[in-house]
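Listed after this line are the structures, all set down as structure tokens.
Across the two complexes that follow, subunit A remains constant while its partner is subunit B and subsequently subunit C.
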Partner chain A sequence: MSLDYVKFTPGFGKFMPKEYRDMVEHGPFGKKTAVSQVGTFKEIMEEHPMCAGCAMTLFIRLAFIAFPNPEDTITVGTAGCGRLAISQAAVPFVYGNYGDQNGVASGLSRGLRLRFGDKPKDVVVMAGDGGMADIGFAQTLHSWFRKEKFTTIMLDNEVYGNTGGQESGMTNKGQVLKMAPLGKKFEKMDMLGMAKVAGCAYVATVVPNNPRRVESVIKKAILIAREVGPTYIQAYTSCNIEYAIPTDQVMQDAKDVENDRYKFQEYITDEAKEHLATLYGYKEYLPKPAAAVTKG
Partner chain B sequence: MSEGLETEVKTNPQGDPITSAPEAPKAESGKGRKDPHGDAKRQVEVSPEFMFNEAPREREFITGSECAKEAVRRSNVDMSVAYPITPQSETLQLIGVLYGEGYVKEFYRGEEEYGVMSAIAGASRAGVRAFTATAGPGTLRGLEPIVSWAGHRLPAVCMFTCRVVNAPLAIQPDNIEIAYLLNSGMLVFHAENQQDLFDFIMKGFIISEKNDVTLPVGVCCDGFFVTHARGYCSMPDKKYKLPARDPYRGSVPVLDAENPPARLSRDAPVQKSNFMAYNIHAVWQQEVWAGVERSRKYIEQYMDGLLEAQDVEGADVLLIASGSAAAQSREAVRQCKERGIKAGLIKIRSLRPFPTNELRKLCGKAKLIVIPEFNYTGWLAKDVATAIYGFSNAKIVAGPHVYGGMSMPVEMITDEVECGLTGKKSNTVPPSAIMGVADPAAVAEFMKSI
Partner chain C sequence: MYLVANIDQEICAATSCKLCTQYCPEANTIQYDTEAGKDKGLKYGSAYVAVDRCKGCAQCVWVCDNMAKHKAIKMEMIDQIGDQALTPNITYQEKNTKAVLASPWQS
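And then the complex of A and B:
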């Protein structure tokens, strides 16, 4: 049982740092935790080196809370701001090469399936828009076409934040950024459309100012990816530095962007609905009562 | 099906999962369909020592690609990811056949080499035994992930069927790509022939997974000369396989959420510019290369040493070569002897770790060392010269070289021996590529002609 590794070696507990003791004694491992309970348990990711007011950090924190099985989850990422926070979490994280995350996750999830069979070992890719839509584009798309069973989450801040504010494929047309001195000349890439075309079983957009929704889409995406197929979540996680959003207006910006170009979208295949309903008790996806009436 | 009835199954070079799976029994036999994975399931695990030294062997006349297939069949490989590139394609499509037969448990055709090498990294992290192969431009395309395997301490075996990489592009044999692998931190073996390829792949898995090594192994061979040509390969029965990978034996934990993860590049400080970052990276690199050093004893144990020395005692002339150049040099040594020249051969099996001490001992008395290579720049000559500097007074000829697909006539090598001994001007090796002899006039002459 993997929970063993987050416990103390007998007799050593009292010598461990408080952070660690809190994680063992009050962490989410082996329990069901929810966003609504924040403050009553030790979170997987709390301290981090991110900028003040970073919406991406809030999103990552919520994402970790939403993991249905954090003790059996492995995250995979690539260069970008996100990994500075993800790497501080109390779940294993793979930081490999530039844009390799969906390739690594393909090998990792298949390898874990060989070793552990049906025992869930959730693989979750979390990487930025540049890492996913630009440098890692081929591997992202191909992992979807191959129907790899893991979740891909894009931390979309619409810019290369970590390298200092260059245009990415997910930047909006006309936006002036470094490497786009005259404004970006083509539209924001439609990764959501491509995810559907490539065969993702579940696709959703989300913004971090709605924690319950973040929790809901991430739980669904991970549960579906276990048996049905690839899932994709595209999260707007603004860069308040490069887009000069005042710290106290980051949440307002998220709301504005949600209303403008990041309206909540959720796409779920029938197979995925059935899977959630039968295996995980999602009532909203149970067959409609009308069907029962015709039967009776 | 009892073993007694099992006739000699010849490998099927052009096989596919359907045709090479055992035939279904005839309808009148009244029995159900034969399990296509039956033979794979009946394989028994044996110790590496039994597999390599004791198991009875039978000799077959097969191609290098088929040797790779037969090695993987007996290596208990869990996962392979394939992408075609000449001259490697046949190898991984044959691994696909093994997948169809159940010898390899997981297999897919990847998107391109960067994706393939990344997936191999993922599989190795998951704790399973992984194999892939590539060639030339594929090697360079996959190089970014490949050079990170060692740092992440990922055991795996990758076969490189060397070919041209630079423009004008060609598919022909040329082993310049090995130069790029030598500093990657992986162990690099160079197979001379089909038998070497078979042996090095199997032994590569065992050495790669040793606790004090925990590093990837690259098994190189010269494309076409070895992959597509047939040669004799003696192999243990295919009913045997090596022990499975023990994921918890590695020196760095696998990422399966069953044990605490390694704090490697997940640590943010490594990405920052401060002394701790430099220190973490530095000690990690030291440890990678210390692992390379520690693999020596296993190469000696399983592969009969990092090099093979033939007729070195009392030799005036030593030919030092690896891969196909070693095969040509072996014949050159024979021809030299016919002419009364005391010549010997040193075939280098392991390029990383490099047999520095062995060469220092063996080269001390030689008057002339000739290093033929199948590439333009001569990476082996540089390594040899560096290794024996101060330990040998021999004149070192960095050549002859062929590249771009040319084969190397044995005469090219014997001519170089003759020129080296007599001082006659070489037709193929410029004076600037001859070390250990100070002749400014010759060098000036060479510079004039270019």
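And then the complex of A and C:
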């Protein structure tokens, strides 16, 4: 929660593991890091127990690189695959009871604002489609209706991957899974539509197929959530185990799904545009100058 | 034995796409050495794999073959690729990383 937290007590640095020393000395804390520099600095995420080739891990890794101030960020998660990687990072992680994550984040975000005032402290919720659209659905929607200022990221793998392949609200209609042998009978939930209706200031869909877009979307969502209102990102992060995707075809699948049903969409309110333009120098959202009159 | 990614530094150092570093699902696994190719007369640095962290998913192979179209990465058996970069032998610098190659069986 503060840069001093990660630093060594003087004289004790030599007893720390190499990975920790590297992270303090060459990590992204207190610096601006970008996806394009990856591989030349120590990332805050460490080794994790998630499956080889998991697209969700790739998304979480990119998210940690994209955090504007990782030293002033808290992540909140819940049961599901995602927390196995989110908790393996040098960012405080709060484990909400199943479905509680947006309620916990509401309290955290309000408390941090009371305690630290003007200094921005970011709260980022990262949970799966089951935790967010099924079990935590009420808390998620209510946090948006209350205009709680934090970022909600759904890691949408369209299945309960951690428990053996049950259908979730975000599974596509007709999809046959190990624990849904007759195929799902209902449509995929329109969480994007609900986020807009509930008053989110920024709503976007991404696929980890495009790391720079993931970075830009997450940066915008976190910066908008500091002042304007709730923000929501829905990321397609395939489950290569339950959907039987060979690991070297995971990015091909991400590309196919992006072209099919996960096209990049971005919804941003005028207030959020103005906030990004005036406070963080986003040139594309600056008011356009009046067209110069040219004489023919 | 198991497969790990192996990057052909000669092909990699002729380009500077860095795509594999961005698409690896494991953190701190595909690292980049910005000076790797320069003493061999090549233009750019090269990516390399910390083989003790590689889980062998081969996503980087797909990205290198189909997106970058360089075909510089191959999956190889860990006991047949000789000395490789390992996490304890990687040093971080201001804007670069350097690895001293060693046998994966040493530690």
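Following the convention adopted for this analysis, the second predicted complex is superposed on the first by the 286 of 296 C-alpha atoms of A that agree within 3 Å, B and C clash if a C-alpha of one lies under 4 Å from a C-alpha of the other, contacts with A are read in each partner's own complex, and residues count from 1 in each chain.
Just so we're on the same page, contacts are C-beta pairs under 8 Å (C-beta built on N, C-alpha and C of every residue); 3 or more make two chains touch, one makes a residue touch a chain.
Note that the structure is a prediction, hence the values are computed from the model and not measured.
Residue contacts after overlaying the shared chain place A:53 against subunit C, while subunit B stays out of touching range.
In the superposition on chain A, contact is made by A:97 with subunit B only, not with subunit C.
Residue contacts after overlaying the shared chain place A:74 against subunit B, while subunit C stays out of touching range. In the superposed model, A:35 lies in contact with subunit C only, and not with subunit B. Look at A:277: by the touch rule set out above, it reaches neither subunit B nor subunit C. Contacts of A:116 after superposition: subunit B is touched, whereas subunit C is not reached. When the two complexes are overlaid on their common chain A, residue A:286 makes contact with neither subunit B nor subunit C.
For subunit A in complex with subunit B, the residues that touch the partner chain are 2, 4-5, 49, 71-74, 76, 84, 87-88, 91-100, 102-116, 121, 138-139, 142, 146.
Those residues of subunit C that touch subunit A in the shared complex are 18, 21-28, 30-32, 34, 47, 53, 55-59, 61-63, 66-67, 87-88, 92-93, 95-97. Partner subunit C is touched in their complex by these residues of subunit A: 18-19, 22, 25-26, 35-43, 45-48, 50, 52-55, 57-58, 61-62, 64, 211, 247-252. Of all the residues in subunit B, the ones that touch subunit A in their complex are 78-79, 81, 105-106, 108, 110-112, 114-128, 130, 144-145, 148, 152, 247, 255-261, 264-268, 271.
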